[in-house]
């Protein structure tokens, strides 16, 4: 019997009740069903002062960084603010070691209010993820806010337009994590 | 007699004693000498929790946002972390209104340990600044850490290589603020 | 009496009858009315082989490069192809000297079929223009194809939504060229 | 017995005798040794006029596009000009269909004269490649010109610093093509 794969799901929305967080929970449920062990890092719930000062000695910060370190795959989910990923999620990525994604597969997910932000995925977020030297960053997805409804369980229900896209993207990520895992 | 121009200088280094902060102080001194009124926003000194949660009702956060609002020119100084500006500085920019830079002239300044980060200026930081719809973002500068020595007054001394470059860039910013000011 | 300002308008559409070219002609007419001398470089009409091989000895290539050199302001108009400016326009920019935009004001204009390409302006085109070290790149504009109708004079008619935006952007460019010109 | 994998190697240098072309030949030799069938598309040797006008009816242009279509993996090798990939290589990518890289693995390789161009890989080239919707774009490499010597066979000899990096990157690409190929 083999160990299940570990997935770190980093959520970078500044607001408590957000479509990004709901989307993350939805993706987490899908991955759980497929036998992955998912751990969510809600950046907004980390202790604020140590996070901003990149204090990796802080226990909770260290624990969150360890979630990433132990992961086979990393998902970074963020709203688009000011043409890029949120400062919140970037602040967390900033305190990780230089090659924190080495050997890992990474999936970028962005949410936003207008199609005009689509390219923030490949121009704004992906180069940041690449700088952490992952094995590879698979194709990601930009989801319009209007495609996402927050359910009463704080998960996400997707429109018929969005659901198959997300499914296909998650499948690509899952395949890449498994295929990469053969080298473990 | 005319009012002096207001400059907001946003500093986005996570560490207390940083080359970025020293550079900011140095630039501030130069601008003071030329009759500008400079106010520095040290993002790391803002209250952490309200900053992370984009709580613009918080008094100190509101005061920092007002410094930007009242400015004729804005300087954004940040170290390069993970191929982009710091999450810290981005977190502050995120909580500003959509068109917070309207009518203003903006100068981007980055510091970094290796020449390999130079393009973070035009690819990583500038598109974020553009999204705030400034009048214009003038030519900025990437400064190598090794060009900057922190003086005992916590200002910066620059090497002979760097000093004239910074001078020229600051002059371009000053000219643009003044020329733009004629439309006040 | 002072010399009129020279504007170089570089058009980078691969097709003969394009919205980008019509837009360029429209902008050219507006600038002519305001006393500017506009010269258009249709990159697709340059001799193909010398262009591709960056042969700056070729007479027509040299003449096109001279149009840029003599300009006070440069407009780069391109459709968005594959999330960036056209290879055609980039091929022309590639053969210009390293600091070809020094002392000049630059205006980027992009056209595209979907809002999803908006950020190609600030992430795809602007960093390329910055690398030519202009005095500044003013705020540019992305125009949806559907906002542009090609008139029978091969100029462009714009929708009520687009016309005032273009006007405002062109005015910003004009002001910047004039203000910069005081330093001539 | 299975079919060997097809690799399309697109070379985008404007000059006949270039380090980029030599590097491409070197990579091609390595891939041949490992049983891959490599076909090189030298963009500068394609018929210039049809290339610039995106004339996909032209026989040679159509043949070059077919090389990409039939490939399991695509390598895009370009010098850095003006902070991005060459206009030449972009002109070729522009005439490919919207999803030309679908199901394929892609490797970006850039060469340049200074470390200051490193980020052109992830900010300038990679978003363009992503727009062609590949299965994934693996980690690529920026190589300094000084690391590459052109041999008398027009291949490349690499310094001790560069050789292992290229080897590791090519291995990542090879693994990804093979792993992806299981889904053929």
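So that you can tell them apart, the chains are marked A, B, C and D in the order they are listed, and the count of residues begins at 1 in each.
By definition in this document, contacts are C-beta pairs under 8 Å (C-beta built on N, C-alpha and C of every residue); 3 or more make two chains touch, one makes a residue touch a chain.
These numbers were taken from a predicted model, which means no experiment stands behind them.
The chain pair B-C and the chain pair B-D differ in C-beta contact count, and the higher one is B-C. Once the centre of each chain is set as its mean CA position, chain B and chain D turn out to be 39 Å apart. Mean C-alpha position of chain B lies 30 Å from that of chain C.
Of all residues in chain D, those that touch two or more other chains are 83, 119, 122-124, 127, 130-131. Taken together, the touching pairs cover every possible pairing of the chains. Across the interface of their complex, chain C is touched by residues 83, 114-120, 122-124 of chain A.
Within the complex formed with chain C, the residues of chain B that make contact are 119, 122-123, 126-127, 130-131, 133-139, 172, 176, 179. Interface residues of chain C, counted against chain D in their complex, comprise 14-15, 43-44, 48-49, 51-54, 81-84, 86-94, 123-124, 127-128, 130-132.
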